[in-house]
Amino acid sequence: MQSLSNRAKKLEAKPMTLAERAYLPAIFQGLSITMRHFFRAATKRQVTVRYPDEVRPFSPIFRGLHVLKRDEQGRERCTACGLCAVACPAEAITMVAGERKKGEEGLYREEKYAVSYEINMLRCIFCGLCEEACPKAAVYLQPDKMAPPRFERDEFIYGKDRLVEPVDPQARSIRGIQLTPEQAAALAQRMAQPA
Amino acid sequence: MIELPTLGWQSIVILVVFGVSLLIATYCTYAERVIAAFLQDRVGPDRAGPFGLLQPLADAVKLFTKEEFFPAGANKALFILGPCLAMITALMSSAVIPFGNVIQFGNNVFNLQGIEVNIGMLWVFGIVSLGVYGVMIGGWASNNKFSLLGAIRAGSQNISYELAMGMSLIAVLMISGTLSLREITLQQSAAGEWHFWNIVKQPLGFIIFLVCAFAETNRTPFDLPECETELVGGYHTEYSSMKMGLYLFAEYVNVFVASAVMSVLYFGGFNFPFQYELRDWFVNNQGWALTSAQNLISVLGLLGLFAKIFGFIFFFMWVRWTLPRFRYDQLMRLGWTILIPLAIFNILLTGGLILGGIIK
Amino acid sequence: MAVNDTLEGTRKIVEEAREQQHHTGLIPTLNDFSQELTTLNLGPTHPATHGIFQNILQMDGERIISGVPTIGYIHRAFEKIAERRPFYQITPLTDRMNYCSSPINNMGWHMTVEKLLGVTVPKRAQYMRVIAMELARITDHLICNSILGVDTGAFTGFLYVFQEREKVYEIYEEICGARLTTNMGRVGGMERDFSDVAIKKLRDWLKTFPAVMKEFEQMFNRNRIFMDRVVNVGPITAERALNYGFTGPNLRAAGVDYDVRAMNPYSSYEDFEFEIPVGTKGDTYDRFMVRNEEIWQSLRIINQALENLPEGPFHADAPHYYLPPKQAVYKNMEALIYHFKIIMGEIEAPVGEVYHSVEGGNGELGFYLVSDGGRTPYRLHFRRPCFIYYQAYPEMVVGSSLSDAIVTLSSMNVIAGELDA
Amino acid sequence: MSDIRVPEIKMVDAPDGVEGAGFFATSLESVVGMARANSLWPLPFATSCCGIEFMATMGSHYDISRFGSERPSFSPRQADLLMVMGTIAKKMAPIVKQVYEQMAEPRWVLAMGACACSGGIFDSYSVLQGIDRIIPVDVYVPGCPPRPEQVLDGLMRVQDLARTESIRRRNAPEYQALLASYNIK
Amino acid sequence: MAENTEESAAAQETAAAQDPQAAKNAQLLALLHRQFGADAFTDVEEPYGLLTVTTTRERIHDIMAGLQQDQELQMNFLTTMCGIHYPENEGKELGMIYHVHSLVNNLRLRLKIFFPIADPTVPTLTDLYATANWMEREAYDFYGIIFTGHPNLIRILNVEDMDYHPMRKEYALEDGTREDKTDLFFGR
């Protein structure tokens, strides 16, 4: 057939030379390549990351486990607008919105908040569309945490108890907002009181 | 100089040989994993015990406690017989390998060999060719098409390559004039020099033997009977539990035996360079008795033989993780049209050289 | 069994079978033969069917008389799902089509929507897309070629090049935040600019990869054991290949230099210099070599794109379709409205139909999109190259042995996700 | 990063029969458990994307062989761990079940990825909504596809199960009832 | 191709001034009209530069054969074909859409046919294109379009015992058996 693009590069399959027909040169070449790797590995330069003891660095934009962020004062950012649920191609997010009552201003930033917010981690495909959809920068996919494997199916419905960012500054995601220890302490105290 | 050993000593040696064969086969699985890992820039098992050294034990215990299984429509007796046969024949052939020279305590001379028979080589061959029945029976009894294909492949492959293997050996026999493996070893010990080893006289024969050894042990590039990307598991597809473990062990015992035979036939067995000089040095300079010096040399020779064997085992694994495998018809063509003619040519060449007095 | 009788008989049967197949497209069944044949069920869980599909082979010993492929074992109803999802939610679907080269699928889909919406993407974004797509092509070809090695029994080469794939995953992770199912890019451009780390990783990789690739070639290209396994195995002529709708490396191996990148350049492919490798016989070795050479050509393209990466925005200035930056959403009412509209899928898509194709890992990956102006496609049809060319498989393996069938299968690079959609 | 390594797992109280008679175990049982845990030969039932991530797990960077699991047994008879990776369509479901039935005891099942666990984004007429509808699943690994780290985590959870499991569990009435509820055997 | 289409040269020139693709399409259309008659095609459009014509199922086979054999056009590459369902179009509910491609001239053409859902029969193209085999099986599987003359018209992607054709608009996408999802929050 004629050339369609004028950029064709014909790959000619050369017939085997006598040396190639004798098997051995190619075999020795292959053996020498693997032996090089053997010595490299034997001198402790394997590329393997010994996983539970060592962890490969993740990219700072890796899409890992979700977190519901708090703002600078420790209030939940989520306003239960439902955009993340709409944007989710797996339909993994469900939420129930509620009105913020008087006296809860320290807990929720907006007048509306999510009474319950659940992500079904088994359905979730970690595509990041919810993070992109959130107009309040409330839901984030953390780059340094992954959803752990579990034994039971119902354990994968992550409610607010597991999603909302903890107040402990040590436990925060690296992309999270770092509180000063005083802020954190104040926050923890406030959280401990019944709303 | 060699006395007939007592029956007790013989059984002890045989038990030890069996045990050592099994141990080596067991740790071959570990070695295979680690070597494969290193060849592939990986680490290999390192979580079962220190450096993963308990890995083979874990595998063995797991296999022993796994459910026994008989596929529907399988012939039960044959289904059990298959792996047993494979294992028994693999172990039997190691009985005649001369692992070391004699050890002398006073008037008692102990031979580091299971049984010394003057047809040792024939014994090895006879037993090894029986081994294929284990594979064939197992593959046939499984009542599975993949197993059957594997069994057919194993049968034709082993028979074809045994021919070339045997013929490459005839040249060795022509040089040595004996079938006893011990004799062949001792002949290579003249002055203890490496150039008395048969490899120098028989390079071509060795290469043929090596290729055939790969085929006989069903190792890549000749692992067509199991060949997991084509036949799933080949002849052992339907086997579970320790029956499958027996097949795996049999393969490694075969590798061990093949390595041992190669070391004995071509690489001087338990001989090592300058062994007599070393003995004389101990006798003359250190004032040792001749017997104890000789015993030391025997022990060193034993270790040397094992070093050679391990070298070959490593080579088997190195090749396995490097080369692609043949296709069935290409394998047959290689056996019948290249190796057998080469082996015949090797016989003629050796004959000519012997007649010409160049080698003896 | 007399060897000659069987061989002769087999050859005759094979000839007849081939004839019959050419004429009717029908695969002869067991009843058509008087010989005693075995039926071998290859798949769906056979190790060599890396994805999931079944071939029921009629065998005479180890020789294949006929094969009947059955597919659909991971049919996921992409086209039906796509009719219920807004445009931007279809990107995760395309990820999972040819999962070996997700970014190509992503970009192809974005370009289709951009064509429909009439959005022009700035040059920088186009070059960024080219880099991502060529990276994907390399990984796709790497996995295909190294799996061919695995299927011929050499596992180690696979692990060597898979390390390179890992590095590409790292680059993906820096670009978009995921390793395999990338969900990369947005309608109108990329979702973020290349970070410095991404560029640095890419440059490092471009330096180290050629050596590994050379090593891989040394292990396979001229190794007789490998060549014996693949030369003249599973050949197909250019005419038959075209008739079967082959595209991509498999067609080029048969000698037709059809490449969407050169014929209908998209995303600035006309700016780059590259050659289109073609084979001669269309056999497994040609397919292997074409893919090998394409890896080198892709490297060339990446190098050019990286050197000439233009400055400028990484997305189109199209507030109706491209999400505003988060900061603007907090402050700017207009941005907030757009944000809501885009996420709810209420963008003003024109009524119309558009076909756009890109050169995927396996050939022409086409998107036929019919829009009725609603928030979802009215009909979205994927032209999946695997689906189209896999039907030639029985014709390619008839008369060869089981081992040949396996290597032919892996050299065709049939990706189950793309096959079954 | 320390929190990645120890996921907050409800430690093994889940599987039936673990607390049955003789669990507080003889040393034989613990030895067997250790052996089984360190020699889980997987049957990679890879249908789609997750299969590629499994290859990455087998690859040099992650090296599943460290856990003693690098020998993939494509024959179900020899496998200990069925790793279902990727979408299971309704057309495929009977085959998964058949493979599970062919496996010899003890056998574990690891569902890898959103599709195998729950159907994931493919909530469509042709996709099985989670393989636990046809076979009992021991460990779920979320993600689409999960990172190899998560797969290794999942493997370690299976090892936890294997280590603490009584040898007699497989004969326990609870286990038989579990299988019966799936209509297996 | 140029010398054969001199009569439409005037039309071409105006078109070519705007868009080279439009000129090519005009040439192609003229050629089609001459070969198969102007009455063979209705609804000629050029959405996004791809010439789209509608024809009837009676003529589709001839046209495809003619396109394939035409030495000048060499439209011998069937890119893809797919079904489509418009429940509102009375008497023309179902459709088939063919994309053909001339690799030599780098020209694409989209052909459409529509027919009633009560009588969904279309002549097969498997005698022209080997690749049409599975595409037609897919269209049958999805839409229930019967291709007369197809050698092996059975379902390809779905299970054999499925009793409906899922891509038709009236059938639901979702699997009815799922338990962990509700439609409450997703306005779909």
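Chains: A, B, C, D and E, in written order; residue numbering restarts at 1 for each.
One rule holds in what follows: a residue touches a chain if its C-beta (ideal position, glycine included) is under 8 Å from a C-beta of that chain, and two chains touch if they have at least 3 such contacts.
A quick map from chain label to UniProt name: A = NADH-quinone oxidoreductase subunit I; B = NADH-quinone oxidoreductase subunit H; C = NADH-quinone oxidoreductase subunit D; D = NADH-quinone oxidoreductase subunit B; E = NADH-quinone oxidoreductase subunit C.
These figures come from a predicted structure and were not determined experimentally.
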item: Touching both chain A and chain D (chains); value: B, C, E
item: Chain whose Cα mean lies nearest the overall Cα mean; value: C
item: Result of counting contacting C-beta pairs for B-C and C-D, higher pair; value: C-D
item: Farthest chain (mean CA position) relative to chain B; value: E
item: Distance from chain E to chain A - Cα centre to Cα centre, in angstrom; value: 42
item: Cα-centroid distance, chain A relative to chain C, in whole angstrom; value: 26
item: Residues of chain E engaged with two or more neighbouring chains; value: 103, 106, 157-159, 166, 173, 180-181
item: Touching two or more other chains - residues of chain C; value: 46-47, 72, 75, 77, 80-81, 92-93, 95, 156, 159-160, 163, 181, 219, 223, 225, 256, 258, 263, 420
item: Numbers and ranges of chain D residues touching at least 2 other chains; value: 60-61, 63, 66, 74, 91, 118-119, 121, 123-127, 144, 147
item: Pairs of chains, among all present, that meet the touch criterion; value: A-B, A-C, A-D, A-E, B-C, B-D, C-D, C-E, D-E
item: Contact footprint of chain A on chain C as seen in their complex; value: 85, 88-89, 91-93, 95, 156, 160, 163, 170, 173-174, 176-178, 181, 183, 191-192, 195, 197, 215, 218-219, 222-225, 227, 231, 238, 255-259, 262-263, 274-281, 285-286, 289-290, 293, 323, 326, 329-330, 336, 339-340, 343-345
item: Contact footprint of chain E on chain D as seen in their complex; value: 90-91, 118-119, 123-127, 129, 133
item: Residues on chain B engaged by chain D in the complex (per definition of touch); value: 33, 36-37, 40-48, 52, 54-55, 57-62, 65-69, 228, 232-233, 236-241, 244
item: Chain B residues touching chain A - in the complex, by the definition given at the top; value: 35, 37-43, 46, 318-319, 321-323
item: Chain C to chain E touching residues, read off their complex; value: 24-27, 71-72, 75, 77, 79-81, 83-84, 115-116, 240, 242-245, 256, 258, 263-264, 352-355, 357, 364, 366, 368, 370, 379, 381, 383, 387-392, 395, 420-421
